[in-house]
Structures are given as structure tokens and as C-alpha cells.
Amino acid sequence: MSSRTYRVAEIVGTSPESVEQAIRNGIERASQTIRHLDWFEVTEIRGHITDGAIEHIQVGMKVGFRLEDA
Amino acid sequence: MSSRTYRVAEIVGTSPESVEQAIRNGIERASQTIRHLDWFEVTEIRGHITDGAIEHIQVGMKVGFRLEDA
Amino acid sequence: MSSRTYRVAEIVGTSPESVEQAIRNGIERASQTIRHLDWFEVTEIRGHITDGAIEHIQVGMKVGFRLEDA
Amino acid sequence: MSSRTYRVAEIVGTSPESVEQAIRNGIERASQTIRHLDWFEVTEIRGHITDGAIEHIQVGMKVGFRLEDA
Amino acid sequence: MSSRTYRVAEIVGTSPESVEQAIRNGIERASQTIRHLDWFEVTEIRGHITDGAIEHIQVGMKVGFRLEDA
Amino acid sequence: MSSRTYRVAEIVGTSPESVEQAIRNGIERASQTIRHLDWFEVTEIRGHITDGAIEHIQVGMKVGFRLEDA
Amino acid sequence: MSSRTYRVAEIVGTSPESVEQAIRNGIERASQTIRHLDWFEVTEIRGHITDGAIEHIQVGMKVGFRLEDA
Amino acid sequence: MSSRTYRVAEIVGTSPESVEQAIRNGIERASQTIRHLDWFEVTEIRGHITDGAIEHIQVGMKVGFRLEDA
Amino acid sequence: MSSRTYRVAEIVGTSPESVEQAIRNGIERASQTIRHLDWFEVTEIRGHITDGAIEHIQVGMKVGFRLEDA
Amino acid sequence: MSSRTYRVAEIVGTSPESVEQAIRNGIERASQTIRHLDWFEVTEIRGHITDGAIEHIQVGMKVGFRLEDA
Amino acid sequence: MSSRTYRVAEIVGTSPESVEQAIRNGIERASQTIRHLDWFEVTEIRGHITDGAIEHIQVGMKVGFRLEDA
Amino acid sequence: MSSRTYRVAEIVGTSPESVEQAIRNGIERASQTIRHLDWFEVTEIRGHITDGAIEHIQVGMKVGFRLEDA
């Protein structure tokens, strides 16, 4: 009833463009296979550099989702 | 043989009543879909407040379970 | 396309012999059920002691793996 | 409009009886002078000991509340 | 004289659009009631998800401001 | 004189029943062999699970006690 | 009654001379506007450097004070 | 041979405009004097406020680069 | 009865040879004076360097042991 | 032989005068009952405030000492 | 132009006398080889003990300095 | 004279074989360009995985070295 349980998964979204887009890419991909996504929390902002320029950005996130009643 | 491997999942148990009950609700729900649960560790105690009173308590936990031989 | 998403799982590898072997045992077991494993990161080195000697070593790890396009 | 701002205050609730009661005492007292309390998060559980017994328990908490439009 | 004292407040700015905008919304709101704001520091980037999309972003910040001579 | 020195010991109290009882059990046992216990601080809440139910709860604590003049 | 509630404020004391003086300057200033100050805890020791010499020292502190009954 | 060694430097990139631009400004400047930059990791997002508006943003980063064979 | 209490001691094991041996040396020495050692947890891996080579390795560990009934 | 083992104890030194003196008071008292003290590390700087002035300062420290061969 | 980049170096200043002097010794030495030093932040306060007395104090610091235009 | 100053650099040693070898490879490479290396501290143990097996191990370390008198 009122005592819902949530599960937290850890993902890394990436983007060649921006931190903002890496967050959105990761959540969009997660939402394709996880139902009832409820919140996210950024845990890490990293990236790879090639020839002195940012090649892609990696944003680590925890995403929480509600478990359906078993 | 003797080198078992464990997996750690992160869950959030909730309860309108107490921290204690939120822990138990979360583990009970997890045990319905995860076998061989072995330990838990509280990582966060939070809650929502409505009209100056606690509406429900959320307890974040890591739960460890043994993986069966593949 | 270029915006891959990764998932991070937390495991505990064990070994009666060494930290090194516990890391390898955990990753070997994980690779039997997870595809596209890409990196690991040690989060914890613990162990159990019996009669004054190390009985087995437990190494907590995060392992990252690429999600296939949904 | 949709971009609400919240403020987070740090309080310490106390109780001679239990962790649970210290949380509730702190939030009850905070709600007497802060409006729109929305969430809390436990940051610390401590206490004083006298003659080998717990005299009172202190629970540190962050409490978040919505700021009204200025 | 030269020994100024500062106070640090914790706020959460929000935005349906971006991390960048959530920072700016929070500081703008804080500056309506706090004088002499001097610096900010991001402590947390979170958000709520509805139907697989980010509904709003929450950026926790500490903001420092100079206290006037009492 | 006025410059008392304290020592901090780390203990783990356990209970099959509750977090609250695990705290009290640990402090009661510590007070049997340590004099002048003055404060405690919870550092960890964990537990073991057997057959999907909590078997016992373990609460890590630091306990501070005053050293007598040498 | 016996269940007092405390509030914790974060301040930064400064001094051109010493860490010790920055702590005292900050608490002295805080005590001019906050009643019932009870404890402090240093969270950060920083400073500005000009022409290779320390210009002023900044000590971040949390200060706790008892709330009066509402 | 195959055992490359990397060095990690800590920098602070700044921008009057955005977090995103502060990251890029810092890496661009670092790449002018450091060869073989390979990755970055954001460690801190701060900024200065003047007259209630963000004057400039400071993003602390660790940047890793491969050392050439000595 | 079932509510055992444990004590946690912090030690540093050393070895001129390896991290693995430093762990074993520390636990072997601890087991000579502490009974009922039950677990260990690595908290720090450090070492001294002389003339460009590792002279000895120091591994900080917490070791837990069961207290006998008082 | 060459593989010495160290033990780490946690103490709190106090002084009505200064952080510096609290460190020295704690180590002086510890050296009265612990032999072979080798290093210390400050973990916490706190204090009590009475009538708006610092009554005494408390400095938490870890102190390491060499264990004699058993 | 307005987007300055800073570099952060980590140093350890030492003194046989006081924490205060160890900070000043470290910054003075750093200023002999690093130009444009702008700020420091204490990260660690440690020391060595000989015959029960503090032999020298070590203060770990991060120091930030502005990079000149390349 | 007695107030030596140290500098701390952050490196990442790598090895296809073991954690132990990655530490030694990193320090050996560092000692080729840095004089007076005095200590190291492991900050991170990571690695890359290819086809389910560890390809190489990366050990992050801080290394401290004494600065010569300027």
C-alpha cells in the first residue's frame, strides 16, 4: 500500500556536446528499459580529451525507480 | 567452489511510521524478487514532511546477495 | 550513435588467497552474465579472520558495462 | 512560477528516549517557526552517556523548505 | 575592520530546463532577501523524472554573504 | 586541571530486534569495562539477512570516555 | 522540557593574523546576533595570498545554538 | 612498453557565462602547455556573485595526461 | 546471549615486499595479543620511498573482534 | 624484524586557550600511558561556547604507536 | 581575457613549532618558485612524535595560482 | 633548515599484470624525473576489461617529494 519500495541503478550518460546533453541521453536510454523512473542524482562529471579538445563527456548518475508490487 | 561472488543492489524502503519499519519494508520487498540476500547497510535516512509532520520515511540501503554459479 | 550509455553494477569478489585473485574471481563471474564489461573500480577491501588467520578476502568493486541500443 | 527555490536549515533534535523521537521532536520544533517544510535528511546520530546509560540522543538533520515568492 | 565575517546559507535552485538555469534561478531568488552575496558552491545536482523525461532539475548550493558590522 | 583528555573507542553493538536496541546493547557492554563514558556517535548501521528476514542488526559506534589523570 | 532543539549555522571567520584569531573573530561576531551559542566545529581552513604572503585567513565553522521554546 | 604512466594535474577553469564554458576554457588553456591530455574530472563548481548576479563561474578539474618515456 | 558486542581496533601492518604481505603481517601480529579476531577492512595503502624504490609498504586496517561477556 | 606493526588510537585533547595547546595537551597525556608514539593526525577541531566566548577547544586526533614484538 | 585559468598544487609545509608556522613556511617556500599564488586551503594536519613530544608538524595544503596567458 | 617543504604529485601507474606491479611501475617512472621521492599513498584502484578479462590495471597514487632549498 503506502510503503512503496524503490530501486536505485547507476548509469553513465555520454555526449560529445555538453554535460546537459549527457544527462538527458543517459536518462532517455534508461527509460527505454526501466519503468517508473522517479529521480536522478549526478555523482560524477568526467570526459575524454583528444588532441586538446573534449571528445565526449561522461556523467555518472544514480536513477531511482519504483518497484511494482511483487 | 570457495570463491563466491556477491552482487550489491541499492534500494529505498519507505514507511509512514518509523525508520525501523522502512528498513524492514524494503528488505521484505527485495526478498520477493532477489534470492540469497545476505546483508544490508543503511546509506541514507530521509523523509517527506507535510503540514509540519513526517508523512513518510525513506531509508536508502545497499543489500548484498550471493550469485549462484553461472 | 556516438552517445553510448553505460550501467554500473556493484559486486564483491572473494578469494581465500589474495586481493589480486578476489578481483579476478569477481570479474570472471560477472563476465559470465554481463556482456560488454568495460571497466572496474575497487571500492572496498575486507576479509574474514578465523583463528588469527585470513580465511577469505572480499573485494568490493564497481563494474561498468555498455548498454546495447534498446 | 515553476522554478521554486528551497532553503535548507540544519537542526539537531533531541530525546531521552529514542532516535525516532529525536527526529520527530526536532521537526515538530522547526515547524513552529518555519513554514512550508518539505523534506528532512538525517546527517548525524549522537548522544550523551551518564553513568553508563544514554542520557539523551541527538539527531542532526537537514530540513528543506520552500521559499515564498519574494 | 579588516576581519569580516561571512555566513553561509544552503539553497536549492530549480529549473525545468537546465542545470545552468537552476543555478541562476536559485541565486536570483536568494539575492532578493539576502544582501552582500559573495560566492556560491554547487553541492548537489538532482532532478525529478516523469514519464521517462526530466521534469525539473534541482541544484543544491551553498551561498556565502558578508555580515554587516553588528 | 581544566585540560581533560578523552579517548575514543570504536564498537559494534548488535540486536536481533532493532537499531535502537543494538545501540543500547553496545553501550551497556562497553560501560562494563570502560569508565567515564561520555558520548557516542553512530558510524554505521548494517545487518545480516537469513531467508529474507533480518537476523540481527549491527550498529557501529564511536564512544568517547574521559581519561583519568595519569 | 528535556527535548531541546538546536540549530546549526555556518559562518566564516577571518583574520589577517592567525587561524586561532579567525576562529575567535567569527564566533565573537556570531554571538552579537545569535543567542545561546553552544558549540562550534571547524569545517575549512583557507586563505588568500598576495605577493607571496598570506593576506587573510578564512576559517569555515558550524556553530550550534539552542532554540528557545516557541 | 604497455605500462604507461599518467600524471594528474588540478586546474580551475573560469567563465562569465556557463559551467560548460568554464570546463572548456580550462582544458583549452591546459592543452597549450600540457601534451597528451587524456581525461578530465570535475571536482568543484563554484562562482563569485556581484550585486546579486553571477560574475564568473569557477570549475575545478583534475586533468590526466600520459607521461612520455623518460 | 545473542547480542554480541564487537570492538574495532585500527592497526598498520608493514612489509618491504607487498601490499598482500603487509596485510598478513599486521593481522598476524594483532592476533598475538587480541583474541576472537573476526574481520578486517583496509583503510589506507601507503609506503616510503628511498632512492626511487619502495622501501616498505604500510597498510592501514580496521580489525574487529568479539568482546567476551564481561 | 623489518615488518613492524603499529596501532592507531583516537584521542581528544582539550585546552581553554588554543588549538595548538589542545594538540599538545592530548599528546602529552597520551604519552604518559602509551609507549613508542610515532605520529599524530588531526581529525576534528571543535569547541564549547559559553556566554558568546570559547570555553574550551577540543581537537580530535589519531595517534600511531609501534607495537613491541609480542 | 576575463576567463583566467588557475592551477592547484599540493604542498606540505613543516615546522617544529606550530601549525600556524608550518602553513607560513610552506607558502613562503612555494612563493619562491611559483608566481601569482592566489589562495591556499589546508587539507591535512599531521606530525611526528619523538620521546612523547611533537618533533615537527606537517600541514598539507592546496595552493592555487593563476596561469599566465600561454 | 629544519622546516622542509614537500610537494605532492598525483600519478597513475599501470600494469597488465597486478596492482602490485602497477604501483611499482608508476613509482619507477616518477623517480626518473622527480628527485627526493619520499612517500606514496594509493588513492584509486581501477582497470579496463576486454572480452571479460582484465586488460590493464590503473593505480592512482599521490607521491610526496622534498623540495630543495630555493
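Just so it is clear, A, B, C, D, E, F, G, H, I, J, K and L label the chains in written order, and each chain counts residues from 1 on its own.
Basically, a residue touches a chain if its C-beta (ideal position, glycine included) is under 8 Å from a C-beta of that chain, and two chains touch if they have at least 3 such contacts.
Predicted model only: the values in this text are computed from it and were never measured.
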Point to revise | Third chains touching both chain J and chain F | key: I
Check your understanding: What angle, rounded to the nearest 5°, describes the rotation that places the Cα atoms of chain I on chain L?
Key -> 120
Review point. Repeat of A-C among B-F, F-J or I-L, where over half of the residue-numbered contact pairs coincide, is which pair?
Key: F-J
Review point. Of all the other chains, whose mean CA position lies farthest from chain C?
Key: G
Exercise for review: Would you mind pulling out the distance in Å between where the CA atoms of chain C average out and where those of chain D do?
Suggested key: 38
Check your understanding: Rounded to the nearest whole Å, what is the centre-to-centre distance of chain A and chain L, using the mean of the C-alpha atoms as each centre?
Key -> 32
Exercise for review: For chain J, write out the residues touching at least two other chains, lowest number first.
Suggested key: 9-10, 19-20, 32
Check your understanding: Taking touching chains as linked, do they make an open path (line), a single closed cycle (ring), a hub with spokes (star), an all-linked set (complete), or other?
Key -> other
**Study point:** Pairs of chains found to touch, sorted by chain label
**Key:** A-B, A-C, A-E, A-H, B-C, B-D, B-F, C-I, C-L, D-E, D-F, D-G, E-G, E-H, F-I, F-J, G-J, G-K, H-K, H-L, I-J, I-L, J-K, K-L
Check your understanding: Where on chain F does chain J make contact in their complex?
Key -> 2-10, 62, 64, 67, 70
Study note, to complete from the structure: Seen from chain J, its contact residues with chain G in the complex are 18-20, 44-49, 52-54
Exercise for review: Mind listing the chain F positions that touch chain D in their complex?
Suggested key: 19-20, 23-24, 27-28, 31-32, 37-42, 63
Exercise for review: Note which residues of chain E are touching chain D in the complex, please.
Suggested key: 9-16, 21-22, 25-26, 29-30, 32-33, 56, 58, 60
